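Chain nomenclature is as follows: A, B, C and D, assigned in order of appearance, with residue numbering initiated at 1 for each chain independently.
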Amino acid sequence: AGASAATPSRRLDLRGIYPPLATPFTSQGEVDYSRLEENLRLYSGIPFRGFVVQGSNGEFPYLTQQERLEVVRRVRQAMPKDKLLLAGTGCESTRGTIEMTAQMADKGADAALVVTPCYFRGSMTSAALIHHYKQVAEASPIPVILYSVPANTNLELPTDVVLSLAQHPNIVGIKDSGGNITRIGLLVHKTQHEDFQVLAGSAGFLLASYIVGAAGGICALANVLGSPVCQLEQLCCAGSWDEARALQHRLIEPNIAVTSKFGVPGLKQAMEWFGLNGGFCRSPLLPLSEAQVRELRQDFTSNGWL
Amino acid sequence: AGASAATPSRRLDLRGIYPPLATPFTSQGEVDYSRLEENLRLYSGIPFRGFVVQGSNGEFPYLTQQERLEVVRRVRQAMPKDKLLLAGTGCESTRGTIEMTAQMADKGADAALVVTPCYFRGSMTSAALIHHYKQVAEASPIPVILYSVPANTNLELPTDVVLSLAQHPNIVGIKDSGGNITRIGLLVHKTQHEDFQVLAGSAGFLLASYIVGAAGGICALANVLGSPVCQLEQLCCAGSWDEARALQHRLIEPNIAVTSKFGVPGLKQAMEWFGLNGGFCRSPLLPLSEAQVRELRQDFTSNGWL
Amino acid sequence: AGASAATPSRRLDLRGIYPPLATPFTSQGEVDYSRLEENLRLYSGIPFRGFVVQGSNGEFPYLTQQERLEVVRRVRQAMPKDKLLLAGTGCESTRGTIEMTAQMADKGADAALVVTPCYFRGSMTSAALIHHYKQVAEASPIPVILYSVPANTNLELPTDVVLSLAQHPNIVGIKDSGGNITRIGLLVHKTQHEDFQVLAGSAGFLLASYIVGAAGGICALANVLGSPVCQLEQLCCAGSWDEARALQHRLIEPNIAVTSKFGVPGLKQAMEWFGLNGGFCRSPLLPLSEAQVRELRQDFTSNGWL
Amino acid sequence: AGASAATPSRRLDLRGIYPPLATPFTSQGEVDYSRLEENLRLYSGIPFRGFVVQGSNGEFPYLTQQERLEVVRRVRQAMPKDKLLLAGTGCESTRGTIEMTAQMADKGADAALVVTPCYFRGSMTSAALIHHYKQVAEASPIPVILYSVPANTNLELPTDVVLSLAQHPNIVGIKDSGGNITRIGLLVHKTQHEDFQVLAGSAGFLLASYIVGAAGGICALANVLGSPVCQLEQLCCAGSWDEARALQHRLIEPNIAVTSKFGVPGLKQAMEWFGLNGGFCRSPLLPLSEAQVRELRQDFTSNGWL
């Protein structure tokens, strides 16, 4: 993402909020494309910058290659043309990722969100990760966004690797879901002269990410509380920090509930309460128990959302 | 694996040593089936109980679904009929694993080695894991072997989950690569009345596993030093413990070198020194540096293997 | 810290910045009290809210009980009366902590900073931690501040434990060095009606902590760059967020350098460059190598501090 | 521990079993020396090689310096002269450890068991650890035994550090509580020409440790089931491996119960059932709940010990 000046012209302006779309399944475990499309209609009034498909919340590791592509195609058709579609194209192998990226670009993705390969984490040295991402970036017809999500991969893309990759002209940003705000600030600071943007990977640290210079957020909670999350963005952009703080505070517990505490099943359950189509998860993800549903609901009601 | 008596008749006698076959790739990254088949010919004089395909060392996360099946088919054809073929059929989703298991059984696998799903590790509760494995075991036309490899998955299949699953008639064993010998002893102890066998997942703790009652081992090092690993098995079975100890000691450093220290690239490099076809790795695995090759070689020479 | 209203009257107003004082040792390993006192004179022009003695950076685990008390006594005498002295009184046992707290109060400490006990971490359940802190708080003649520093203790004081303890009238705050900004925001949110204040435990996330509502910071880097850290506080309090961001950015690398990267030896080395008395560390802490000193210096020069 | 030949003459023959003595406290939290002494009388018929005081199970971090010395003095007087007394002398600082070692030697300790310092774990590099142990070994009037217990310290003494230190003439062994049997085998193998002995740090992997060449064990469970643990040792030394396996199997669950599952409170509770004086723990260790007591008991009864 090599750029020239203090105010770089961004190749792709990523600023804003994106829900990493959940993938509704039928009770039989099939992808429920019509409900997915209906969600996009329901989101039409919310000022999202765009949508992410096949982030972790899309259950991408549970989709076949064909399903992964079909989801991209359907979402692209159902969403407004002026919004961005960021598609999770990461596979464990470099060649698999390159192929998936090309195919998703063909289906209309505006950028590729590439999760760190992780199965052989003992071998995923900085050199290996740099080699992987450079190969992908060079082959990709669309810009590449790095994706670091240690809660799932047990691997945080090292800071020096990110800074090295930020110089590549086809690598334009990172989704950082690790939540280490010191690191997020450092990434912003050290890439200020690059065409590189940092997106917060969760609504729990969205305000903090904005204050240290992030460009936006890809937030699971935006599937459920899209308007409030976008409102938080707008308060930050407007410099209304006191209101932003009050709103951020009310979003933390719901956010924890649909991410680390109850995961994708919690996210999908909460979507249903707000008139959205969460649908079923694929196994081995289990539906929440009744006690978990109660606790989940409590995390929304006690903060005034239900 | 419910059985009736102190000396259960095993549905499938797993006792013995298995190399988890490496998958040689060409310099262009294609599966090199002819070299894979040649390795099987080179192994023909070694008293292996059978072969594992698509354990971690087979780089299975880097293979397409088609390649995964073709590897099973080729290995089955190239290997002796009386040896066992254990095929890694694990996918992240239950439905994917069920389908892969059926297809690999169709290609001639004798048993399915099913790695723990792990991407959503925060949701992989004991209940979720039990549900996953039971679904797979019930659908599978061949016996199922559990596979716990926390170095790669960051998830150890909990002991109580293993003990619960051991009672299922179509779950016949576990490959435990975690190396916690207390746990391995406990698994043997608590499943002594079940049709369930414990296989050590690495040559580093093979002697220790035998002394606490394991049935055999699936050992990366057996790709390289197949005869010595089988000799260690025979010494253990013959009760020649002093000789076994001396041999085990000489295998520890080479084993660490081809597993935790240098991973699959180290394994494949070492194979070449012993006249076997390691071949290339797929990216993002990188070839060893010269300094690493020297250190790897030293781990073999200092123990008298080269 | 039970309080009654939306704008509680704080029993002890903790707002502001505190350096966790380093303890200079002579080359012979004796506490160098005169240099410690000289540091306090050198700090006299900096608008610190007070000082912490025997936080981690004071090498408290390397001091005898007598030395711990003498350091408190000397610092109390050398510092202005209107500033706060927070003293690290934590020991592994409850009874030891109670005794140390009483003695340090006697030497003039205004509040006790109590690190989590951690040696038997497997037994440090929420119940055990609550019991420990309540016993200490009830026995203590001075207010108690919780201290969670997982990088050293491998134990993060659980959020629900903090929230439970926040209700105790003699527990008035927490120093959170874990740096999880989502949690810091949640702690502020859930204790807003309590007499309880949250202090950031490091300068790396000071801006982010202020934006989510923290009351101040106890920052190793304030030993070295006391004025800039206080300036960051003032910019935050004044709502000059853009200037605050620019300053925060320049502090991240120096902060990492004197904490996670080079630890107390790095902190003490950097102090020397700024005319302060770092002095020697006690063994087993080793002085930095020449290469490390160069890298440390680079982290300051590249951000314009040297 | 530099030695010359294949059958070195050991400076101190450590072979055998040692209970790491629990420290009984009164209900008021005072050290109950008389009950401690009574335990030694109760152990008099068990063929222990000696006793450990102030291993982790002695709650040493909860004792004052004076108490630590008094426990050593009392145990030395109460135990037979021909048995070995290994005393935990480790402190966080090198100077503290050196002083404690000298004083405990003066009270009659035969060897010093020195736990890894760990509070500043980020700074506990191999160089720092080697420097620490060499300083201690050079100053110590009695032989030094390394003590690696990562469950408590979150720091495993690295293998290369152990191998380096094994060459020191006053470092004669290691208590390894990590339980990595591959590493234990490697330590035995690589120190076979040194005056260095490896002791298993837990009864759960005692059989496995013997088969790979360990010299003995320091086992919490020996406080409770001293005779069976010694019997396991004797079966191993006699080469009665089948009997040894059967006995080892029955010890695993009780061992887990008094270590990782229920910790020192579990150990002390179990001691009471066998007529020994467990006594109270010091806070913050809490007594077991009734449900925990039932589960603990079940772990003994289901294996035929109660």
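Criterion: a residue touches a chain if its C-beta (ideal position, glycine included) is under 8 Å from a C-beta of that chain, and two chains touch if they have at least 3 such contacts.
None of the values given here were measured: they were computed from a predicted structure.
Within the contact network of the assembly, the step distance from subunit A to subunit C comes to 1.
Fewest steps needed to get from subunit B to subunit C, stepping only to touching chains, is 2.
Comparing the CA-atom centres of all chains against that of subunit A, the greatest distance is found for D. Residue numbering shows that subunit C and subunit D use the same positions for more than half of their mutual interface. Between subunit B and subunit D the centroid-to-centroid distance comes to 35 Å (mean Cα coordinates, whole Å). If you average the Cα atoms of subunit A and of subunit D, the two centres end up 49 Å apart. Shared interface positions of subunit C, i.e. residues touching 2 or more other chains, are not present. Which chains touch which is summed up as A-B, A-C, B-D, C-D.
Put simply, subunit B touches subunit A in their complex at residues 29, 56, 61-62, 64-65, 92-96, 117, 119-125, 127-129, 131-132, 135, 151-154, 260, 263-265, 282-286.
Looking at the complex, you find that subunit B touches subunit D at residues 179-182, 185-186, 188-189, 202, 204-205, 207-208, 211-213, 239, 241, 244-245, 248-250, 252-253, 255-256.
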